[in-house]
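Labels A, B, C, D and E are assigned to the chains in the order they are written; within every chain, residues are numbered from 1.
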Amino acid sequence: MSSDAGDGSDRESTPTPTPDAGSEPLLQTHGLTKEFGGLVATDDVDLTVERGERVSIIGPNGAGKSTLINLITRRLDPTEGDIRFKGESIVGMEPHEVVQRGVSKSFQTASIFPDLTVRENAEIAALAAEQGDFGFNFFTHRNKLTDVHERTENTLDAVGLLNQAHTDAEDLPYGDKRRLEIGIALAAEPDLLLMDEPTAGMSPEETKATVDLIEEVKEELGLTFVLVEHDMEIVFSISDRIVVLNRGQVIAEGTPEEIRGNPDVQEAYLGGVEL
Amino acid sequence: MSVVSQLATILLNGLQQGAIYVLLAVGLSIILGTLKFVNFAHGALYLIGTYAGLFIALDITLSSGKLQEWGYADFGLGWGFLAALVLVPLFVFAIGLLMERFLARPFYDRPDTDQILVTFGLAIVVQELFRILFGSNSLPFNQPEYILSVIPVSGPMQLPIVGNFPRWRLWVIGITAVLVGIVYLLVEHTDFGLVVRAGTRDAEMVRLLGIKISRPYLVVFGIGAALAGVAGVVGGPLNVVNPTVGMNILVPAFLTVVIGGVGTIAGAVVGGLIIGLVQATLIGLPSVTIASFTLNFSPWSQVGLYAIAAIILLVRPQGILGDEEVAP
Amino acid sequence: MSDRNTTGEGSANATSDGGAVISDGSLVARWEAIREREVTVVGLTVIAVALFPWLFSRAPVVSDLLLGYQSLATLMLIWGIFAVGFDLLLGYTGLLSFGHAAFWGGAAYVAGIVANNVSADPIVMVVSGTVFAILLAWVLGFLSLRRGGIYFSILTLAFGQMLYYMSAAPLAFLTGGENGLTGISVGALFGQFHLESELPSVAGTLLGNWMYLFVAVFAVLAVAAAYRILNSPYGMVFRAIRENEQRAEFVGLNVWRYKLMAFIISGAFAGVAGSLFTIHGSYVPLQSLYWTESGEIVIMTVLGGTASLFGPIAGAGLYLYVENIVSGVQTLYLPFTQVVLVQDFGTYWHLLLGLVFVVVIWVAPSGIWGGVSDLRSSVRNLVGGDRR
Amino acid sequence: SGNGGEQTDGGGGDQTGGGDTDSGGDGGSEDYPALGNYPIEGDTAIFGFNVPQSGPYASEGQDELRAYELAVKHLNEGGGWVDSQFDDLSGDGVLDYTIDYVDGDTATDADTARQSASRMIQRDNAIMVSGGSSSAVAIAVQGLCQNENVLFMACLTHSNDTTGKDCARYGFREMFNAYMTGQALAPVVAEEYGEDLTFYQLYADYSWGQTQQASMEKFMTEVAGWEQANSVATPLGTSDYQSYLSEAANSGADVLILNHYGLDGANSVQQAVDAGIDEDMEILVPLYNRPMAEAAGGAIEGIYGTVAWDSQIDNEPSNQFTQAFQDEYDRVPSGPAQLAYAQTLQYAAAVERAGTFYPPEVIKQLEDYEYDNIGMGAETMRACDHQAQRDVPVVQGLPESEQESGRYFDIINITSREELGYACDEGPAAECELGPAE
Amino acid sequence: MSLLELSNVDSYYGESHILRDVTMNVEEGEICALLGRNGAGKTTTLRSIAGATPPEVRDGTVSFKGRDITGTPAEDVSAGGISLVPEERRIFPNLTVAENLHLAEVVRNKSNTWGRSLSFDREGMSTEEVYAQFPRLDERRGQKAGTLSGGEQQMLAIARALKQNTDLLLLDEPYEGLAPKIIEDVEDAVERISDDGTTILLVEQNAAAAIKLADRAYVIDQGGIVFDGTAEELRDDEETRERYLGV
């Protein structure tokens, strides 16, 4: 679809930090484009995330938010453009290589290992974090791996699932599954955490708890994260910066206050209902 | 013999051998493509087709098996080949319906591996049932001499360029071409086919349009089965008939599907022809002598089949005419 | 704490039921408990393996009922080794290979060819067969793992068949083609002990011959190795891949290489078993590369129970028992009576296995061993209350 | 009437021990060491009949099994050749033992056959194993029997290797082999079709087909003076020969030799005729049997080949066997049945002569044993390779109109053993190393 | 009696309880809007009505024209006169535009009804009517639907529904990913369909757009109905809009 309604100028006016000036941004995309057949899911996206920053991406359904996340995690190959993490281009890497470099992702729908226990779920993530993407340790008893264990316990403690450590993951209530899912993502102690709708499907209380959890890790780990969320309450409360996508393009970008007042955003996403 | 006539013979042989694989592969492929069901029991349908054809067309005397022990050694209707050619597909079609309803349907939502395992198990059960009932002896499936007592179908036939060629094998090529053509038209040019093709991509949406997709599914399974049955009838006289024929033909049939690309009829045809031609060519190639070393190709005929398949799959994992898998 | 749960499944979590206190002390304690359990598993295996041939083929009453015999006991262990390795792939990693005959048969041929041309030392045979299987698994795994699901199954099937046809004709000068590899005479173990000869004294009564002892050592090693692998990081990664391959990739694991390792490891087990098969039979049938042989190991593993350590061994034993003993039963009587239930019962053996197999997949995917475990735990619950 | 064999040298010297134990029911455990399944526990000796009850040669196997059962019955109760042809046999068991048997299914598969033989030997303590059909199977089982020190009385196996490079001290073959088929056939077809012809061979790619192919090549070239155009292996179990036949037709050769057996053979002949090859080429099928002739129907018209034994062979032992078999089963026995019956009685008679079941003594009794009691004329079980030296019947297929049940070919000629065979240092026998008896 | 009535419906995805006690009704001939934020349960509601599984309706009833259709399979619901235009368009990418449209007709076509006879208050549009309605599609009859732009695909999805014999049209976010100009086209089409007598249940996150067309509106949040009233009432109810529609 090649309509030319409302693109271009707005995006160009938003400031794009120049790279390599002293402290390098943690994540940078340049002209990132992904096409599916004829459909342009992300269209020439330049996104910059600084260390320690909390960025939210919002936009209507199909705007390309998940696609953007998937491109960064290397689940999808970009049609065009470059992605740099800590200054290194990650295009062409395998997903696990990107994870090993410090990019972790929490999935849109709870993606866990259903038949394993909660502890084992966390342990797998801890293992990948401590031992790298592959090892020849098939004869080492895993209980000997003290470091992995500590990390597992810490992770479970952090997401408050220590008491359910022996439960099979699939038997957890929905909210706890999401919690575990976030735990798995956190176990790697990533530099950058990508979260795609972490509170989807949660009740208000669970949502609250998750937001608190995110706040907590944010404080403790000084984590950089990119959040995709439709719940504006969360978005506006925890982001430093908000990026608005529409039909694959960045149509606005700024602090929560700036975004709240931006008419384009109103139009494209918030629905044009006057506030 | 001229090189031209030799090449023509190889081509014709390849076509004919490929034809049997095509019949099997078309069924396997539409079932796999449409219903996402992996049928390791497809060979069993071929087996059933062969035996059914034998018993309808001829009068057979069993020399082993339980039926013989129970006193039913003389078997068969002896209605002739045309009857078999008409009745067997109907019969195997019905079996296909039963299979879809009672075997495949409960497994649509289970992992592929379970589908493979359960159909593999069923294939063994069918084979053993046949072994027990009809004995494991190979039974001769004599070629029909005439159809309707007037049309000669056996014996050699003088062809231009090629010279003598078994008449029945030409019939096999013809029958296959016609049937595959019919199925192709059915799938590509009828409402039924439209529903099936749409269901391949999004079964739920088809239902949301008010179409009961389970019936086309049944029919697709039935057609696939019937084609396997036909393969059994037309292929039977070219082979011996015994309970292991189903298992033996299964692997090349699967290979055909995978080479050609799952879910496309044209792919199954291309795959079958490649397999048939590779086989016929390797057997037909004259040996090459380099210095004192003679290389004979015919021992490689089977290896070649799998090697070609492996190469095709490595270069084009989705098969020659297969669609690329949709990204996750 | 060490008196239960010796099967190796889900063991690590059962230990920490003391609570969530994490300190070096408890880790050490836990490691020791594990060690202890490992010793227990291996110990029980040793006992079972040591008693089995006697019970099966010599013990009064029991062996008469079972109708067993020595070389079948040996063969069961050999296939058991194969099945344990196969289950690492099918049960734990979730990959269904229909080409494992390539490793079993390939190793068998290499062991035989080595015996005929290089050294007939049984240990050399096992080592060379296994090394070959590992290399072959590496190559075939590399190729087949490019696709998942049914395509993986079909690719392994195709490559396995290719090997079969290779040794049927083009390589017949090496393999004997359709005749099989004949004329293998296996040397004495350590140049001393002829494998066919009886073991001295009690060992002879229990184990029978050196052949059994030789195979039994490998069987115990196989169980120990599999147990260790399952309790190593690999075991967990394998199961993670089975459960959710994509997520495993996204926690930073190189899933492809782990799958390749799973394939190679299971190929190695098949290689050991295949080499032992040659030593046991001093003959390699061409059939050992045919795809139905791959089908057999699939059936054994699934029947016995995937994703368990001993299930596949039980499955292998059961399959061979039915194939070799039940198949010879003429008339089935109602137990303890002369009432004829089925005439020619033996001829139905294959049908019977096929039916049981289908039923198992349909209703009891955890197989026989799974059934036994369920039974055991429900009995334990009945008797011991719910002491977690 | 029928004279049993005479003892030739060989066995005589050491035989004293065996004679002594004859009276003791123990079968001589004090005199001979335990070996294989000797000594026999209890008073029943078990034979193991390992035949294909499934697979391509299953119909041969079934007839063999009938004959085996008949042999056991006659050994225990008298009847058939036990009464009329084998003076050594009493019809009241063998030595003081009753004979019983176990049977197994080889599935025409070497591996299965070995497993089954191994069960017979280890669990059922079979003292002798007999069986065969498919030389690959026979050779595999023979090897096992050699290792286990149990006698193997080969039944239907026609490969040169069985008593050639794969021969065994513990194995004995009554059937002739591919080499002798070549010898018997060559003069007949040279006479019929003339000289200076070229021939094209297809052969089943395993022990039998390979040696059959080699033997045909040897004798058609040497004796008939023909020239081989080409020889192509077809995988065992091939049932569609079209591509191979096309090549043969294209070769321009005059004669097509189809080294296929059983239904495979019936198929290749039929397909050849169907492709019109018989219009341009003469066809030979070196080894015939009845099910094959039955299946091939009119296609075998005029085609030459050899057969093992046939009920059409008219002499006293043959007719007696046919009669006994028919009385029992109400059907005409096949060639393999005669072999199975003969081999079982042959073994039992050797045990009687040895006076013990101790295998090395029995072997001595069989080696170089001469006999004329199984319907194939005078024979010798040669010591150097355990191959029976015997006559070979040459046959020609009848046209469909003349075929009737039990009669599918004419016996053209029974080639005498004088014109056949090879010396112990010649042909297949040159490669034979029998191995130890103990 | 309303055309469509939901009373106390509870729907689940596996164990997750999504719809909680949803009661609503749609009157014949009206355009009714169902609004709510992402994940509020709008799609789940539509799927529960259309008989699509999952979700599973475990409690409560859905009735259409006075008949209880709870648990009726999707194809029967559809054949009975309820058409769903789902999220994400769900056109068949491997079929051409014409084939996509024809598919909707298959069930209507006597010879292809797979044995069911139906009666409808309203006949589906003819092919020509549909093309007249959406000229863009007319231009693209022979094109594979997968290669259409998002907006064209959306039109195709709606057009497909219109070809069915429909008494009640369920539209799930029909403006999703559409450019404003095309949104207007779709709005026009919806209005016209409504004028033709088809009842419409319209699901939107974009409250403003929906209210423009709708006669009445429901607001759903956390799987429960939190507002029920006319479009005007909703427009005036700032609190509800702010709380539940995120604006």
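Everything that follows uses one rule, which is that a residue touches a chain if its C-beta (ideal position, glycine included) is under 8 Å from a C-beta of that chain, and two chains touch if they have at least 3 such contacts.
If you're wondering where the values come from, they're calculated on a predicted model, not measured in any experiment.
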item: Chain pair bearing the highest count of C-beta contacts; value: A-C
item: Centroid-based (C-alpha) most distant chain relative to subunit D; value: E
item: CA centroid of subunit C to CA centroid of subunit D, Å; value: 39
item: Cα-centroid distance, subunit D relative to subunit E, in whole angstrom; value: 81
item: Averaged-CA centre spacing for the pair subunit D and subunit A, given as whole angstrom; value: 77
item: Rounded Å distance, subunit A centre to subunit B centre (Cα mean); value: 50
item: Sites on subunit D at which at least two other chains make contact; value: 205, 233, 235
item: Contacts with 2+ other chains: residues of subunit E; value: 93
item: Multi-chain contact residues (two or more partners), subunit B; value: 131, 299, 302, 328
item: Complex contact set, residues of subunit B against subunit C; value: 32, 38, 106, 112-118, 120-122, 124-125, 127-129, 131-132, 247, 251, 254-255, 258, 299-300, 302-303, 305-307, 309-310, 313-314, 317, 328
item: Residues on subunit B engaged by subunit E in the complex (per definition of touch); value: 191-192, 194-195, 197-198, 200-202, 204-213, 215
item: Residues of subunit B touching subunit D in the complex; value: 1, 5-6, 9-10, 13, 16-17, 63-64, 131, 135-138, 140, 142-143, 154-156, 163-169, 238-240, 242, 248, 279-280, 283-284, 296, 298-299, 301-302
item: Residues on subunit D engaged by subunit B in the complex (per definition of touch); value: 53-56, 58-59, 62, 107, 205, 232-233, 235, 237, 239-240, 242-244, 246-247, 249-252, 262-264, 266-267, 270-271, 274-277, 279-280, 291, 294-297
item: Contact set on subunit C toward subunit B in their complex; value: 90, 94, 96, 98, 143, 146-147, 149-151, 153-155, 157-159, 161-162, 165-166, 168-170, 172, 246, 291-292, 295, 298-299, 302, 347-348, 350-351, 353-355, 357-358, 361-362, 365
